[in-house]
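Take this structure, written in structure tokens, and hold onto it; I'll ask about it next.
Order as written gives the chain letters A, B, C and D; numbering starts at 1 within each chain.
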Amino acid sequence: MEKTILKTENLTKSFGGLKAVDNVTLTVKENSITGLIGPNGSGKTTLFNTISGVYKPERGKIYFNGERIDGLAPYKIYEKGLARTFQTPRLFQKLTVLDNMMVSCRSHPGDKILNVFLKKRRWSEEEEKLAEKALEILEIIELDRFKDKPASELSGGQMKLLELGRVLMTEPKMLLLDEPAAGVNPTLARRIFEKITQLRDELSLTFFTIEHRIEILLEHADWVYVMHNGSIIAESPPEEVVKNKVVVDVYLGEA
Amino acid sequence: MSEPLIYVLDMAVFVGIFAILAVSLNLEYGFTGLANFGKVAFFMVGAYTSSILANMGFPYLACITVATFAAGFVGFVASLPALKLQADYLAIVTLAFGEILRFIFKNEEWIAGGVQGITVPSAITITGVPIQTMMLIQLTIVYAALAICYFIAQRVVNSPYGRTIRAIREDELAAQVLGKDVFKYKAQMFTLGSAMAGVSGSLFSQYVRFIDPYTFEPILTFTVWMMVILGGPANNLGVILGAVFVQALERGARIAKDYLLLPVDPHNLRVMIIGILIILILMYRPQGLFRESKVKTPALEVASKWKKRS
Amino acid sequence: MVVVNWLQVLFNSAVTGSLYLLAAVGLTLTYGLTRFPNFAHAEFMALGAYAGYTIAEQLKLGFPYSFIAAFISSAALGAASYLLVFRPLTHRGATIIHLMVASIGLDFFVRHLIKQVWGGEQLSFRMVWPYFDVGPVRITGLWVALILSAIVMVGVMHIVLTRTRLGKAIRASANNPDLAMASGVDVEKIALVVWIVGAALAGVGGLFRAADTRLVPLIGWEILLPAFAVVILGGIGSFYGALIAAYVIGLAENFGVVFLVMFKLSTDYKFAIAFLILILTLILKPSGFGRLFGEGGKVV
Amino acid sequence: MSTILKAVDVVAGYGKLVVVHKVTVELKKNEIVVIVGPNGSGKSTLIKSILGFSKLFDGKILYENQDITGLRTDRLIRMGIGYVPQINNVFTNLTVEENLEIGAYPKKDKNEVKASISEVYDMFPVLRQKKNERAGNLSGGERQILALGRVMVLKPKILLFDEPTASLSPIAASQVLSYIREICDSGISVLMAEQNARKGLAVSDRGYILVDGRCVKEGSSKEILEDKEIGKLYLGLKA
């Protein structure tokens, strides 16, 4: 059986009495693409924010790679190899596309103040290597011709792509993707998920992704969780989700 | 000020001293996005530390070194509570901090003469040389210090580190989830910026040879802000030119008063012009005269070669 | 051993608190509504004081007229600040840091304009106020007028905020500007009213301060820090929070001064007491007293 | 029936992100029109773009044959357009009655305001019971009713509603929707975005289905409800 990489136990987070995440227990298998679906306001993004450390959970535990990570600062969770994207891209607007990619490097020697002065040669070499890598990723997501442009000049869809490319720079173990294909055209959406599958296979990454297009998940996901009013109400392989009466009801509304 | 050469040299020295402050504020605000409204506090720490040591007979090199570290240390300590705050709170707290510090120097005569101020020995004491030569030496010292600060600042901003602080300025949360210990970077930049302000304060005190609490009013902080905003935030060369421009303006206001017989007090006129210009720049050219500089690292070169390949 | 007249200290606290309340009400309301701390608020106080001085001392028209002059001149300055500086800046997408720096620029401009018009030297009101003793407490007519003004202001503001269409629109706009717009409220017009009233009250505060002590161009700047302490302790945008905070800081300062004297420190450090409260509030409970009156301190 | 509101070829979104691509929606007098669609399909964005709360990149908004594209929100409200946002739709620091008073802000005559508030109380008795309660203390369902009451004070000609049943219990949701039906029967045309497609379609006259910011189906609600393909369409499967 595959190993579990992420596990939450009774995770709860509320805002002013409203339980946005209510007693959520779930597991994500290593090297899988796991989908998370659910209607608006069902708590998907809050769940991601809690896992990635943006919010502190009120109750419950989060294990990543066997280690407790709940309550850690976001940057520490990232250092452990768990990265995320946002629903509306949060790019560094005035930085170039290439710099946006480069910022996300983990343990870059030139990212420490003393090394900036003392180890210029070392970080310069590393910088060259990382720049190559960044450009290769940019080529894959077809943004390499914008490399010198400020991120603010990209279109909405390109911004989503850049945000995805940015987290790929870091060689994370696992990625939380918040609607990676929202606002991009259907062809590109499909390609994004093909890319995700390819990355999973080539780099043995794990993806946990919020996505509302079931047809995409049908093709690419291994497992799907369904969230409603803060709780997980169903989990199954994607092809069964569409048949699940509860899920269809939640989405379409009770008759 | 009858002799034009002396006047020009004097202005050049002031430009140098303020350019150091502008570069230091640029590291904090222009690159990292920190609203330090108390720049003058760290300048003051540098000035007083250096002056007190000089009066005790220490050589100038020791004075300026200790002043740098003292200002940096005060900056570091102040940054610990302050940098956890949002931009608006940070501004209020740093501004108030500068004022409190000034009050302490004003009230505690035993530190440095209180309101009476203290006279400060010049860094260089050679007898029998003409004033022009003395000023040239001053100029050399100040510009050597500016060169070092500029070099340090450029090295910092043209590095992966410099990229990270800009990212923090653009979006703190995104930087955090990309693994950056935001607080650490902010504290380091605040400390470095404060240390540079200490250098500037030390140079200032030995040049004007007298300091008192009235030297360190908040207007000084905002003169530096104007240099940064006018020159172009996140452009080190730009803010130095901003320093030249603002100095020229200040002197211009004085000359205008002398020669045009304006019915306005030159000091009032100067501050009023600065106040209005700050507003006008923010309204009509908030990005400043010079655009933000690029992050210059070997990555740029790799990127330019990439162009040829595809 | 210093003999302390504690009742007098208590009364003085009410005087200081009333002053800080007048000074801070506009600051907290504009901060809550336009979402940035306006450092130029200091000069709303200063202009009111100088305008009042001209009427009372140079034109010899008496205190009631100088009160009106302070009110009107500062109101005009508040309107001009919002219409000519801050509203255009906001429309151009200025950041909060830009707005703060601009407010400092405006502060310097107005302060030195005042200096140019009235001169930089210290001026004082020659008006003589009757004084009388109630038990061990010395009371002057000016202090009574100040406290009464604060009480009337609180009463009027309370009625306006809770009973009138305008006041409710102010509270609604501070709570949820988008929804206020979606209810047909012209939020910018409401903001303008708040700027005018807030500035006018600051002008009156400045006048009282000047009449009580002396008049220098820095008069407003000197009250700005305690005013910020009131705003932050009270919770940004909270009128009732400011009401409590003003008297808390008034008490802290007056009792603090007693201790400063006991420890033979300069009384100038009372300035630092407000700073200390401000820092502690920010570190311990950034929402201040505002929480007492509703969610997130946005209560008015 | 004549058209009262028409949004033509709307391209809308936030910042630089385009969420709605060239969608045309029409609202006739005395009807309820519902916009349904999966998450992120742009239904809320479309409603918001009419009022200026999201960015309208292209397209035109016509109201009573007048071009109202780009008009300031508070002006639109005064012209007879009511709007209930999805979240933050009450003033939490104001009492229930004060919320209604702000809803009546454009009216200046005190007695008129009182009368219309009293009418709203008759319509929603629960609000009368809680009139001195701070709105922040209301339950989700009560808030939604208050939000409804707040727009009804002005008796708008049309009502724009953004996901009226979001995060409500099934009972509260049904109640809110039946209120919306009543409102429409009293002569107000309603355009709403609704996540609960079945319920939304059940109370409405016509519907639009949005997927990925494009309109994939429009027609009478009955027709859409009976369509076997709708489930697939709605869950984002191919049309």
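Assume a residue touches a chain if its C-beta (ideal position, glycine included) is under 8 Å from a C-beta of that chain, and two chains touch if they have at least 3 such contacts.
Keep in mind that what you see is a predicted model, and the values were worked out from it rather than measured.
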item: Chain labels contacting chain A and also chain D; value: none
item: Centroid-based (C-alpha) most distant chain relative to chain A; value: C
item: Selected interface, A-B versus C-D, where C-beta contact pairs are more numerous; value: A-B
item: Interchain centroid distance [CA atoms averaged], chain A/chain C, Å; value: 48
item: Chain centre separation (chain C, chain D; CA means) in Å; value: 42
item: Centre-to-centre distance between chain B and chain A (centres being mean Cα positions), rounded to whole Å; value: 42
item: Cα-centroid distance, chain B relative to chain D, in whole angstrom; value: 54
item: Chain B: positions in contact with at least two other chains; value: none
item: For chain D, residues that touch 2 or more chains besides their own; value: none
item: Chain contact topology (line, ring, star, complete or other); value: ring
item: Each pair of chains that touches, named by its two labels; value: A-B, A-D, B-C, C-D
item: Chain A-facing residues of chain B, complex; value: 152, 155-156, 159-164, 166-167, 170-171, 173-182, 188, 192, 234, 292, 294-295, 297-299, 301-303, 306, 310
item: In the complex, chain B residues that touch chain C; value: 29, 33, 35, 37, 81, 84-85, 87-89, 91-93, 95-97, 99-100, 103, 106-107, 218-219, 222, 225-226, 229, 264-265, 267-269, 271-272, 274-279, 282-283, 286
item: Residues of chain A touching chain D in the complex; value: 18, 38-41, 88-89, 152, 154-156, 159, 179, 182-183, 185-186, 212-216, 229, 242, 248, 251-255
item: Residues on chain A engaged by chain B in the complex (per definition of touch); value: 52-54, 73-75, 77-79, 83-84, 86, 90-96, 98-100, 102-106, 108-113, 115-117, 123-124, 127-128, 130-132, 134-135, 139, 144, 147-148, 166-167, 170
item: Residues of chain D touching chain A in the complex; value: 13-19, 38-40, 140, 163, 165-167, 170, 195-200, 202, 212-213, 230-232, 234-238
